[in-house]
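Two complexes follow with chain A in common, the first pairing it with chain B and the second with chain C.
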Partner chain A sequence: MSSHTKTIRVDTLARVEGEGALYIKLAGERVVDVKLKIYEPPRFFEALLRGRHFSEAPDITARICGICPIAYQMSAIHAIERALGTRIDPAVRLLRRLFYCGEWIESHTLHVYMLHAPDFLGYQDAIAMARDHRAVVERALRLKKIGNRIVTLLGGREIHPISAAVGGFYKVPRKQQLQELVEDLKWALDASLETARWSASLEFPDFEQGYEFVALRHPDEYPFNEGRLVSNRGLDIDAAEYEDHFVELHVKHSNALHSVVRGRGSYLVGPLARFNLNFDKLPEVAQQVAREIKLVIPVKNPFRSIMVRGVEIVFACAEALRIIREYEPPTVTRVEVPNQAGVGQAITEAPRGILYHRYAMDEKGLIIAAKIIPPTSQNQKRIEDDLRDYAVRLMAWPLEEASWKCEQAIRNYDPCISCATHSLKVTVERAEADGV
Partner chain B sequence: MADRLRDLGVEAEIRSGEALDLIEAWGGADHVVVVDAVETGASFGTVRLWDGGKASFPADKSVSTHGLGVSAAIRLARVLGRLPDRLQVYGIEGRRFEHGTEVSPELKPAVEHVVRQINAARRL
Partner chain C sequence: MSSNATYKPRIAVFKFASCDGCQLSLLDAEDELLSVAAAVDIAYFPEATRAMLKGPYDIGLIEGSITTHHDAQRIQELRRQCKTLVTIGACATAGGIQALRNWKDVDEFIRVVYATPQFISTLKLSTPIAEHVPVDFELRGCPINKHHLIELITAALAGRKPNIPSYSVCLECKRRNNVCITVARGVACLGPVTQAGCGALCPGYDRGCYGCYGPMESPNTTSLANELHLLGQSDAQITRAFRGFNAWSWQFRKTSEEYEHK
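Up next, the complex of A and B:
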């Protein structure tokens, strides 16, 4: 029997944040090789932070990602506050959760509608989709705008938010300013419920994996900024123990690093992990719509991540309304944080998954070491493992469609390639030969 | 550049360049000018001007983290009927597109040229 070799390279991975590179080689019924190539980890930023005062870390790290700047600010701030023993006003804690609600609404809406939905509906891109599904895209526009309003109000400006600080916020909104968001957020809650229900109408390939899901877990709430790090395989640790349990492996074909659970292997972070490990902490409105659309834990099909993101947008809208209802401006918007030596770690839940930061400061408050591990870096190996199992069923497909299906499988993860690297070029190349 | 334009009385905003955000930002305006760094293969500092209202506006070549960029914003806005009456796009040929870096000092003349062009067009 002759052996049929097919190599798939996607030259440019479309519709991920940044660009992406993929190489798959198939021989007969086997996947011979999978390489998800990434250039440049965010080591540039780790180097840039050295020698800077800790107060600059939120502003510097916010520039790592155009879609999730708040995640970087929150992980930086919490790590530094932990190192320095800073205690914040409870109202500041609420505002930080509200801040994250805005980012989740923006990021998840962008991905669900503009980056992921075209795959399921058979469109090349969101523009083509908009011609036939205009109302859907208009909904996305308005939803994202509402998320952006929250981020702008708390962050102080449209992009590169400047108000979040170690110790609190430089400026906080008045209660009235938050009240002005309520009507829009009520609309957003209804729209997000519609989004979740709409996502259930999509067709999903029958593809499940035995993941180790890793996410924060908090005793009282769906996690954003606080909690222990847990998994469905028994992990239950503090952020300070992260580097004892997770190892970064340098991979020859990629300038990013592959994260694995020490002694085990790849793992998955992001909406599926959060949803599977924290379903009971979702507000009733989110749990109810999940049940309605038959999204039952454990969700092990990565293509159904679009449904989970839909439910998380519901959560973010409901949580934003709850916070605004309870909010009273803090007595102290920002505590003074004196310079002192210290080391601190923190993990917060970026839209794409856990984002780990560690900082070491000297007695002048200058950063002497920084470590940043983005969620997409952590999912890198898991994405490759998915492709290794998924690609084999695409052997019989024409190359162009097989390549597109592989791109879809990567987009399940909403990879923020700009966080894991500067730019990632996806190349899928096909070679056909008998007996070779 | 935004500061320079504001000093001249031009309403200017800095945006991420993400498509949905741009469409919202230019909503309600009659005349919009978008300025962005581009990579076309031209020499560093070259300034180009495109008419965003034309269907032949070039497609994005991703040099930043904008999932859907300026070109997608224009094409999507056209489909949704959300293009301003007049949309111009200035592209300044860049060299470094990494996050966290400042604009190259050598681009200052090109930036100033675009500022003057925008200000002059406003007076017409």
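Up next, the complex of A and C:
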């Protein structure tokens, strides 16, 4: 037992979505406590959805998160369509993928350049970074804007778009309108390749973990809205079986519930998991740049998630261009979905990882039960596990730098705390004390 | 704002119960972000920066509604720290979608979502900032319009009032030459009572307005509710229509309660 204890604490975690804090207590060479505290007030979406009509669920659940509203709309829509046996037009399916491409480009670019990169380069924020790296930040803003342009064209606006609906879209774009995105997207594809290469030039700590990666897997494509839920440890299930295999735990220090794989423990969702489990489904251009920057699966260093996000932006730009080439407007924009009773589950790939929704409706189409499990609450325990291992290596570091490194380790996950509570605050305690 | 040409107004962004979308609007202003950052001093904005400077601040942008005892105290302190206090979005201005709890038993809500209810601390009501402290300006919307936010900051820099409309969505439809979906196709639409700001987005996408910007100045919600009734909407549907992202704003609240108890 050492007499040397340290506490790392960060009371307000910055550059994450929502409000949280970190508290790590070290004694000698051991980490005795790690708490990722989520103090963002709960908003009770699952409860307030009861009694609402299923057609309102995409608009209501979008408000869980201003950063990834499309993920909420997609999971809600797919779960309800499964419950009610809705068959959609194939062109609608394509447009939903395109919609998700827009969100991935916008959200990943925001995270790579504005939330995560400043840690690697030693800046407080992207604005300070812009003073020395103006061209890089300008590239980021333009790339992000193109992601938002896709979202705005399909959904009316970037945040809480209004066109996606159970059964299809309220209105779909004409072929010509999509064509107008092509020039921008060609630029974006080049910029995303530059992003991936640039991210590889950053410095990475030598830190690897043995993860259980969990992501969707589809026979023909890199996953967005469909596929089986698989892991590198033998999981292979339908969305309907999710709650049999995963358990949510309510811990005192967090307003977000912790998820674990039943019988195994923490797991990782998001870019690293998708990439490791679906590398073979990436288009050639994305595979090629991944090889070029030496991303070899399985990537087990969470700090390299910034590179994987770069590759996923390449994928999203290439996929958007493919969809636009193939697109013919749907015959039926939005199929009528009659009121009926039913239960349905769906999982889609939000930028941060899998997002599970379940709804039960009565014969009037009113929601009687809803369950929503966002990616950040699934990663929360995994983040604490990373920190438990990582903080030990920082014993010799000055406190301020150790805290910053721990924050960076949290930001590897692009946590969205607003989602998880349906914030982050960091504490690294380090006191000269005796007898722990 | 100051005779000293080198002085930059200090802006702070604070979050309460919300989705982060309204503050994200500032980062979504891709064309303006770097110029805004050059014209002001971003003193506190945790979503974007680790640098967190102490107050006082010239402009405080408040996102989110008050739902905990701690937040009810925090807003009092922030009011003292901010020379001008502006609410951004439906949560801060009207209580947000989470105000739907205001008609329910919040303890029961906690039990639905959380396994160990005693860990959760929350108030019975989700309330707008103006119910707690004086507010200098309210930016409407779920989410706000990023151009309104830029206009607000520009106006503050110039020391003038922001130019933001208070008329209804109907006027925006007329301006865009939208055919009225209620008159032409019998679609239920909150446009006649909802404040403009979105550019009549929903009617332009073939759906009825669902009230993101909250009640316009002096809305005739009773008359619109009668109209919705004539279109065949049930009392329950009319209640739900007014009970959305601005449900707790008093005009929408009053009408939803009338129809709930019919």
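Quick note on the criterion: the second predicted complex is superposed on the first by the 416 of 436 C-alpha atoms of A that agree within 3 Å, B and C clash if a C-alpha of one lies under 4 Å from a C-alpha of the other, contacts with A are read in each partner's own complex, and residues count from 1 in each chain.
Basically, a residue touches a chain if its C-beta (ideal position, glycine included) is under 8 Å from a C-beta of that chain, and two chains touch if they have at least 3 such contacts.
Because the structure is predicted, anything quoted here is derived from the model rather than measured.
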Please tell me, clash or fit, for chain B and chain C sharing chain A in the overlay.
clash
What is the contact status of A:I127 with respect to chain B (first) and chain C (second): first, second, both, or neither?
both
Looking at the overlay, does A:F207 come into contact with chain B only (first), chain C only (second), both, or neither?
neither
Output check: A:K171 vs chain B and chain C. Expected answer is one of first, second, both, neither. What do you get?
second
With the two structures laid over each other on chain A, which partner does A:I60 touch: chain B (first), chain C (second), both, or neither?
both
Contacts of A:W397 with chain B and chain C, given as first, second, both or neither
neither
With both complexes overlaid on chain A, does A:W187 touch chain B (first), chain C (second), both or neither?
neither
Tell me the contact category for A:V137 with respect to chain B and chain C: first, second, both or neither.
both
Any idea whether chain B or chain C touches more of chain A?
C
Superposition clash, chain C versus chain B, among 116-124, 152-160 or 224-232
152-160
Kindly list the residues of chain A that each of chain B and chain C touches, one partner per complex.
12, 15-19, 44-45, 48, 60, 63-67, 110, 114, 125-127, 130, 137-138, 141, 144-145, 148, 157-159, 416, 418, 422-423
How about chain A: which of its residues touch chain B in the complex?
12, 15-19, 44-45, 48, 60, 63-67, 110, 114-115, 125-127, 130-131, 134, 137-138, 140-141, 144-145, 148, 157-159, 416-418, 422-423
Contacts from chain B onto chain A in the complex sit at residues 13-21, 23-24, 62-68, 72, 75-76, 79-80, 98-100
Seen from chain C, its contact residues with chain A in the complex are 15-25, 27-28, 30-31, 33-34, 37, 42, 46-52, 67-68, 71, 96-98, 100-101, 104, 106, 108-110, 112-116, 119-120, 122, 126, 142-143, 198, 201-202, 204-207, 210, 212, 237, 240, 245
Quick check: in the complex, which residue numbers of chain A touch chain C?
12-19, 40-48, 50, 52-53, 56, 59-60, 63-67, 69, 110, 114, 118, 124-128, 130, 137-138, 141-142, 144-145, 148, 156-160, 162-163, 165, 170-171, 248-252, 255, 257, 404, 407, 416, 418, 422-423
